[in-house]
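Consider the two complexes below, in which chain A is the common component and chain B and chain C are the respective partners.
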Partner chain A sequence: MDALIVTQAINVVYAVSTLAVLTLGLAVIFGLLGVLNIAHGEFVMIGAYCAYLTQSWNWPYLVALPLTLALCALLGAAVERIMIRPLYRRPFDTLVATWGLSLLLRKIAEAIFGPGFHSVTIPLPGTVQFLGIEYPIYRVVLIAVSFAVAAVLMIWYGRSRTGSRIRAMVSNPELAQAQGISVRRLAAATFIAGTCLAGLGGVMVAPLVPVQPFMGLDYVLRAFFVLVVGGLGSVPGLLSGAAAIGGVDSAISAASNATDGYFAVLVLAILFLWLKPRGLIARG
Partner chain B sequence: MSAPRLAFANVTGGYGSTVIVRDLNGAVAAGEVLCVLGRNGVGKSTLMKLLCGYLPCRSGHVLLDGRPIDGFEPSARRRAGLTYCPQERPVFDDLSVRDNLSLMHAARQLGPLRPYFERFPILERRLGQHAGTLSGGEKKVLSFVRGLAEDQPLVLLDEPSEGVQWENILHMAECIAAKKAAGTAFLVVEQNLAFAERIADRYLVMDQGRAMLEGSRADIDRGRILGHLHV
Partner chain C sequence: MVSMRQGPNRRTFLGAAAAGAAFGALPGLARRAAAANREFKIGLFIPLSGPASLFGPTDRACAELAAEEINKSGGILGRSIKLIPTDAGGPPAETAKSAVRLMLEENVDLFIGSHDSATREALVATVKGKIPYIYTPVYEGGECAFNVYCLGETPNQQAHPSIGWLAAERKAKTYYLIGDDYVWPRKTNAETKKYIAANGGKTIGEEYVPYGAPNKFEEVVTRIKSAKPDVVVSTLVGADNVNFNRTFAGFGLDKNIARLAFLLEENTLLGIGADNSRNLYSCMGYFANVPSPANTKFKAAYHAKLGPKAPQLSTIGVDCYAGVNCAHALVAKAGGTNGKKCMAASEGLTFKTAAGPATMRGRQVDKTMFLADCKGTQFEVIKTFANVPSGSACKT
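Presenting the complex of A and B:
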């Protein structure tokens, strides 16, 4: 096979899997709680800055993970308690509130780290050879970890007791309460899981992108498009959405340029909102 | 004498600023069944929601074993020993029948449900199916079994017989009788007088949000109840 085609194909897989892992957090919070967290991208940014800090302190890269999870969990818990809890079932209000939060987080990042770019060194340099091409190891690891995270989340959601209770809460909150499930606490835990997943995505992509205060903006848009196309509430929906958005974006970008790729994504999202608003795979 | 399992005094409340039920009083002792009767829209389900904590009482108190539970949210009332089977949306449509029955059981064992499966074999046949695919009456049976199998000292059932075939209604009555003999207290909202007559010890008949008749089954004339059940 032509080496260029193989490289492009793996690039598409890479684009799709990173997109999927960057969407997971938004999907959890939007799909399960009905809250469109506009500050999702800023939690990704927090993860990326944690990766940057870890490296600038000369700590092993993996230290960024607990650091990010702790920070995103704390912040997620506070945001849920103060801002989201009074606004559940008021989608427009949560949208405005989290938009404000995103501005605040962006400005805080700018105040601490300055408006400029920071770069994070790839923790696993080098390439691997397969199918007659050379490909960066870190990207291969990223693809594997993305699929692993999505698979673990899907199995856990489908099989575990907490997973069933979350499904119960989403399906019928009154009845979930009648059976002793504290919807208040479970919703808070779900929100925190979503912010932590966003942070995790940030740690994963940090070495491959410029780390800067405005980086979140692009992620929240793309993640939203993925959910629009894929549909809410299931991992297969999320993966198919990521495949559609990531695939179209990288294919058009490769054939033409990045602006056309982004334009194609926008057209695709608008078409879905217009013609198939529940997405490719709708829940239930 | 010990406090009744459930007591409510001067309960008034509704949705937002709209008051639906006014000044209701009642009590259910262990091993007793209180049936709340009345037409559609007289506030029976609202009373249930006030007792379960889904709606705040404008005034009045709810006591569980003599202890006020007014500030408790619904999940805390469940943990305090109150089981509730709602009239609307009685099951988790997106979950399998099995998950509906075992959601809150640590071991997810269906063993304790065996006696119920003998009465309602349809449930065992549908264990793997999503509860959303069941008929309205089958959902009610599933909800009923879930509620009784929780083995709590107090059970609130909101129109358990709605849409259920007569044969299964009789099974429900027998299940209630067995639980009652073991000391469970029931508060049952019903419109089906024939079912209520099989299970009730006492009646509370409502009209337009107020109590019209209350007392033991023997004391209340059937004709007067029917007068409030039919327009």
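Presenting the complex of A and C:
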């Protein structure tokens, strides 16, 4: 009985940390640039297909990281230049444009890889013993990496010069421009960072899920819920949103069943949209 | 006033009526004249969008292969078959709307459907038996609506023999059921529980995950681990089935617990992957690698038509091949698409399938079932059950 409770508790931690990492990309693009990137999930998918390619070419798994970063940066730069730049501050138009982009990316993946499932072998198979229970090693590593990525990003955003420039751009673009910050270039870099983070999330989850053209749909909705609950534009907001959505879902799924867990997530998201639309931690 | 206006009024009316009648009659006459040599239109409902669309290309290719073969030998009642592939991957109500459009605008003669049971129920309620509707995939059994014919595996064909085998060969006593939350898994599990009890086993858990939601399975797998069943029976579909089985093996449960899945075909197994398929069983009416003479012949024709990049064959796809052949046999025997005549003709009807000739009884199909052990990403048939009855007999 104890082992059951401990394992379920770790499941909650796992759900929260992976959800946070899978939301990072959207948090950057939506939270800082105000672009509701519906194609977020498709960048996750691109990361997962990069992991699949790396493995089918018999390269070490970590090669997937530079491959994904390069591909997502290239694609992110092109999308920002062609599609997003003319549409900044037109939230509904960016929503429709990125929705179209998501369809296009999905169809391209289908044209290259076919509509079927692909499987990526777990790079660290097996389980590890701790706290009197057995847990899959890869998931433990994933929890650690997720926390590390979030922590590094939080410190970097709070302390670095680029971080303070981004904050200046977000709070008042005209004033930032007048101060000599190239808002256009900074916005492009921020967008590219968002797509790269989404791709990174894809590389991380690829060994756990079926890799297929539709997989992105699973991530964009949950990521959006996290931002609705947590609030836009801060790392603590993102983490509290992930804790609320991922935690509630996982805890209720563990205590009762998955249907109740999903129901609770939907209720939570609706309540926040209705009663607290700025989320738990609104941008200061 | 009345009489003054009567004359011209009546004449105008008669003239208009005559013109109207002529206009109305002409297209009608033309339609009837053309009917003798017009095409036999089949509305083919397959998933072209959404997550189930991975089955779409095979469904379509198999149906087209059958139509081509039939057209070469004279078509249906001398009319060549025209397939109208229509998306059934969206919400059931959308598919039902497409059915209305196909009946009113395209005047289709017959429907063939390969989609989930929720969509089937919507289509049955919409079509109301006006034209024959052949439902091809694995399903929960018991569909007896007027002028509806079911070809897929039923719980009696999947659960009955496989649970019996697990109880006898693996000495399985305790079972845990996991499925997607909709009509097929729930009804199939209701039957499965009867067979578990009949074999002296015990169902120690039964749960469902929301259908179509982005599910993850760490919590479910942890619960199963603590319940320690001998067998897990999965009625999860597609990506959920892949996700569950990968998580199950990731937590190391594949060493001691057997898994039996009721919708596990070639595509799903590729997603589950070789590392996660230990102690995993599937019971279906068709596996692409079964070396029967009929299947070898079918595969040769399939690959000759589609070349080396042909979409992956599986039971879902080849049932569409059976569907078109069943339509051919049914309409030929009944001499048309009249509901009552088709119902009568269906009893004892034999038609071609990829696995060999099939016979329809009670508007369902008795099948030879294969129990397969997953070896890597290949199915290895370990037991064949000949002529398993569908378990449902509908009035004909």
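Going forward, the second predicted complex is superposed on the first by the 282 of 284 C-alpha atoms of A that agree within 3 Å, B and C clash if a C-alpha of one lies under 4 Å from a C-alpha of the other, contacts with A are read in each partner's own complex, and residues count from 1 in each chain.
One rule holds in what follows: a contact is a pair of C-beta atoms (placed from the backbone, for glycine too) under 8 Å apart; a residue touches a chain by one contact, two chains touch by 3 or more.
No experiment lies behind these values; they were computed from the predicted model shown.
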So, does A:Arg165 touch the first partner chain B, the second partner chain C, both, or neither?
first
Under the stated touch criterion, which partner chain does A:Leu221 make contact with: chain B (first), chain C (second), both, or neither?
second
Could you say whether A:Arg184 touches chain B, chain C, both of them, or neither, answering first, second, both or neither?
first
Quick one: is A:Ala282 in contact with chain B, with chain C, with both, or with neither? Answer first, second, both or neither.
neither
Applying the document's definition of touch, where does A:Leu175 land relative to chain B and chain C: first, second, both, or neither?
first
Check the residue A:Ala3 against both partner chains and state whether it touches chain B (first), chain C (second), both, or neither.
second
Once the shared chain is lined up, is A:Gln212 touching chain B (first), chain C (second), both, or neither of them?
second
What's your read, chain B or chain C touching more residues of chain A?
C
Chain A residues touching chain C in their complex are 1, 3-4, 7-8, 11, 14-15, 114-122, 125-127, 134-136, 138-139, 208-212, 214-215, 217-219, 221-222, 250, 253-254, 257-259, 261-263
Where on chain C does chain A make contact in their complex?
50-51, 53-54, 56-57, 181, 207-210, 213-216, 218-220, 222-223, 225-226, 239, 242-243, 246-247, 250-252, 267-268, 270-276, 311-312, 377
With touch defined as at the start, can you tell me which chain B residues reach chain A in the complex?
52, 54, 73-76, 78-79, 83-86, 89-95, 99, 103-104, 106, 108, 132, 146, 150
Residues of chain A touching chain B in their complex?
161, 164-165, 167-168, 170-172, 174-184, 283-284
